[in-house]
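All chains are identified by letter, namely A, B, C and D, in their written order; residue positions are counted from 1 within each chain.
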Amino acid sequence: MISERVMDAATITSWMREIDVAVRAEKDHLVQLDAAIGDGDHGTNMVRGFEAVVQALDADGGSPPGKLLILAGRTLVSTVGGASGPLWGSALRSGGRVLGDQSSFEGAELVEVLAAALASVKDLGTAAVGDKTMVDALEPAVDALRTRLGQGASLDEALDAAGAAGESGMRSTIPLQARKGRASYLGERSVGHQDPGATSTALILRALQRAARAT
Amino acid sequence: MISERVMDAATITSWMREIDVAVRAEKDHLVQLDAAIGDGDHGTNMVRGFEAVVQALDADGGSPPGKLLILAGRTLVSTVGGASGPLWGSALRSGGRVLGDQSSFEGAELVEVLAAALASVKDLGTAAVGDKTMVDALEPAVDALRTRLGQGASLDEALDAAGAAGESGMRSTIPLQARKGRASYLGERSVGHQDPGATSTALILRALQRAARAT
Amino acid sequence: MAVETNQMRKFLNDPARVVKESLAGLAAAHPDLVRYDAAAQIIVRKDAPRRGKVALISGGGSGHEPLHGGFVGHGMLDAACPGEVFTSPVPAQMLAATKAVDGGAGVVHIVKNYTGDVLNFKLAAGDAADEGIKVTSIVIDDDVAVQDSLYTAGRRGVGATVLAEKIAGAAAEGGADLAKVTDTVRQVNERSRSFGVALSSCVPPASGKPIFELPEGQIELGIGIHGEPGRKRAQLASASDIVDVMVEAVVSDLKPKKGAKVLAFVNGMGGTPLLELYLLYAEVDKKLRAAGVEPVRNLVGSYITSLEMAGASLTVLELDEDLTRFWDSPVHTPALRWGV
Amino acid sequence: MAVETNQMRKFLNDPARVVKESLAGLAAAHPDLVRYDAAAQIIVRKDAPRRGKVALISGGGSGHEPLHGGFVGHGMLDAACPGEVFTSPVPAQMLAATKAVDGGAGVVHIVKNYTGDVLNFKLAAGDAADEGIKVTSIVIDDDVAVQDSLYTAGRRGVGATVLAEKIAGAAAEGGADLAKVTDTVRQVNERSRSFGVALSSCVPPASGKPIFELPEGQIELGIGIHGEPGRKRAQLASASDIVDVMVEAVVSDLKPKKGAKVLAFVNGMGGTPLLELYLLYAEVDKKLRAAGVEPVRNLVGSYITSLEMAGASLTVLELDEDLTRFWDSPVHTPALRWGV
């Protein structure tokens, strides 16, 4: 099966680098989205966090991929603050724990990593699909990845489907009225705006696709 | 001599009314001039003061013109505040004292009234012509009134000359650097702006011409 | 002498260092009261930890000054954890603060109800428990502009935070135990309601742009403290009409006892002059009395702010004897001081 | 609920009544400290007149709050005469205040050096003398931005006013006689220098328009406290560079003794958040030390303001033992309180 491409520590490092580049490029956009229905710091938060993650991974001397994810998550928790810091931080830590000490992993395990990350976000933030949060992008992406891999798609195809699902989940937040996070304070005024956290989540998913392809 | 027209209490009342109308009409302009080189309240100050003067005179039961001027001056002192309140207030009080209890007065006495007013402003404010203050309008106006009456002009002609001299004195403040009042804090930045106090003084002089003509 | 970075009507050197440099200034101005642990980015009471005293810490995004750093000192907080502007701090700060102030009697975390603050404090409380420190957490959620907690993140924590820090701080200073101090925070929160309005937004240093644009002659009703838009926008009305809205919102939700003695807190958002805050207080005092409660204590000033936002909030706390006594107890912090 | 008059981002009912309504609010919030005589438009210390105590009064245009009404109380002013916004009060107010506070030991008039204030206080002092009250007047002129008194109305009175009211107020509270209290005001003035900068103008309620427009990225150097433009406009620089300018202006004029102990007062103009004021204080503290003086006391906050102007001023007072002791003495006013 062509989906049996092997990923390893380099994949994780490259994923984090790709996120760093992507959120930096989209920083102003994320700030703007957050200014409309939040407090205008989401872009700055993500950039600060993933800059620190890249630095932390650079300083690491050869840990396995799971440990790198845990390190990335811990770094997010200790540098981001806000809602997104503990959410993504716990998500990556939970994802990393799935991999234990193994030095490489395959598509099916990646599904478990992302599923654990999603579970952690939902557990900590108590948000469900439709609440206008990052969950609206993450959950359909995990589902799409699992489904396409199950259908025998290649890892790249499956990650492309996950990326597309994340983006469509992101867009699906526009008409929603927020029920979690700061945007919920706006009540009906949150309708018509795209959720910043769902937007950065879509970026994170596309970054994963690029990282896996480069492996 | 045609300048021997007689003025009385009604002239003073009408003068104050004319000032009230004029500063009200020019209030925004005076505020604007004061905002440029002062603190933006000169229009409001003059309107507040002369509104109160008109009210006070309305309530007065037949005092002679000198007493009306003193009442007007006292009212300015007690309602205007700022620099212009005590200056114009003392000016009118000093002018009024010249007339004592007499029930009417003529051109020559009007010169003495205005000269006393000018002296009071200069004494209290220690400003001279060229310092970019109301003195730049008032002093040439008093001089012109005295000169023209001395040359045998009619009261109206002489007051017209005084009004014109006040206006040209007012314009003469534009290129000056202020040496008194708030505008002096600006140093060279005060150059190029017309002094608000000189501007209201020009209005006060034209109001006098209208009041005397109506008598 | 122009610098590229400074085009936004703000006194700063580097937008990324605003919080750190300001905290250093706070400590330099008040060395008798607080110290600044720059590595941990926390403000700690000079004489912490105090053996046997229950400690109080709070924290949240910066930009709300004097909250929280300005409330560290005798009779109020033992430490504050300031995050970046409008961004909640990270668990490491809270853990460091907790450890720095723990005198063996336990530590109370006063948490404003924002998802970020709540999540980060939750992680920190877990870490502190792992280190064997007794921690209790109380979430402050007094803002009646956010109505329904089923469909929202719940009410925001605003003005009641200041009152809780003062009142529970006095309880702790007076020797109350962890349960009592915790309960005092909870009581202040339960007996307080707030409502805020804004006449402008504000400019976070990191973005350099106003969070939203409010045309003159308009008012945002039901704002929080992050420069964000409120529940709705309306025509700007007279101070009297605005206070009607605020008092009605607060009183109808608080439902104080008839004749209740209350503390009325008129808070400025940072860009509203004291001239206007006292004018608002005149209206508040009158209208609270008309609503059947008696303002026996008050606080008027800018104590929980949104940078330079023009706006104000009203917080009403229904007092009882204990809360009044704790309010009146001595306090000595950079921003609030009496009795010492 | 819109009103025609209120289109200017301000909480008010009627622009013509802003001052009166705000003073009523001040008195409603602090009935233990002050009373408001609405007819005379003055704020009077609750327990005035105090037999045998020298009384201090000050006054000036409104819009500088908490100055002066917020400084009436124990250990500071006995009365304040607030004029309309940015317009000096009238002699009748000053006379009423003087009579209300005279306890037989004389009354000191603290006058900020503005033509209007000086002229009106001069007339009032004459009136008071006519009524047999001993009055002394000291004109405060600490603003070094206005250089030459031969070609100007002389230096403006700014930050030193707050310090003079506090310090001389303590002297009077301690029983000093009229000559000593007067001399204390004079000393504070002579030993103080100030310099202010602005990042925006402000909007007086009567006109509803900003006094001037300052584009972003520009700074006015050498401003007073009336929202007016300063001596010159420059590119906005870093806080460090701005404080260099302020410290240099103040220190080069004050010429303090090498190693002098000073009080450093970083004052906000009303629209500058405390976050930035403390950041400025960090720079001020550092640069004063580098200039060879030691800030042993400080005051950081918005105490003499220009409505909602964004800006700040630095005042440095060279202390001696007496002045330090008077500064430290108890004070209890709406805006400044310690030791009680």
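To be clear about the criterion, contacts are C-beta pairs under 8 Å (C-beta built on N, C-alpha and C of every residue); 3 or more make two chains touch, one makes a residue touch a chain.
Since the model is a prediction, treat every value here as computed from it, not as a measurement.
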Distance from the mean Cα position of subunit C to that of subunit B, given in whole angstrom: 55
Whole-Å gap separating subunit A and subunit B, where each centre is the average of the chain's CA atoms: 75
Intercentroid distance (Cα basis), subunit D paired with subunit C, Å: 28
Where subunit C touches two or more other chains, by residue: 85
Junction residues of subunit A - those touching two or more other chains: none
Touch-based graph of the chains, sorted into line, ring, star, complete or other: line
Pairs of chains found to touch, sorted by chain label: A-C, B-D, C-D
Residues of subunit C touching subunit D in the complex: 1-3, 5-13, 18-19, 21-26, 28-29, 62-63, 65-66, 70, 85, 199-200, 216-217, 234-242, 270-283, 285, 298, 300, 302, 305, 307-308, 310, 312, 335, 337-340
Of subunit B, residues touching subunit D in the complex: 31, 35-36, 38-41, 43-45, 48, 77-87, 90, 124-125, 177-182, 184-187, 189
In the complex, subunit C residues that touch subunit A: 61, 83-92, 114-116, 119-120, 122-123, 145-147, 151-153, 156, 204, 206-207, 209, 211-212, 224, 226-229, 231-232
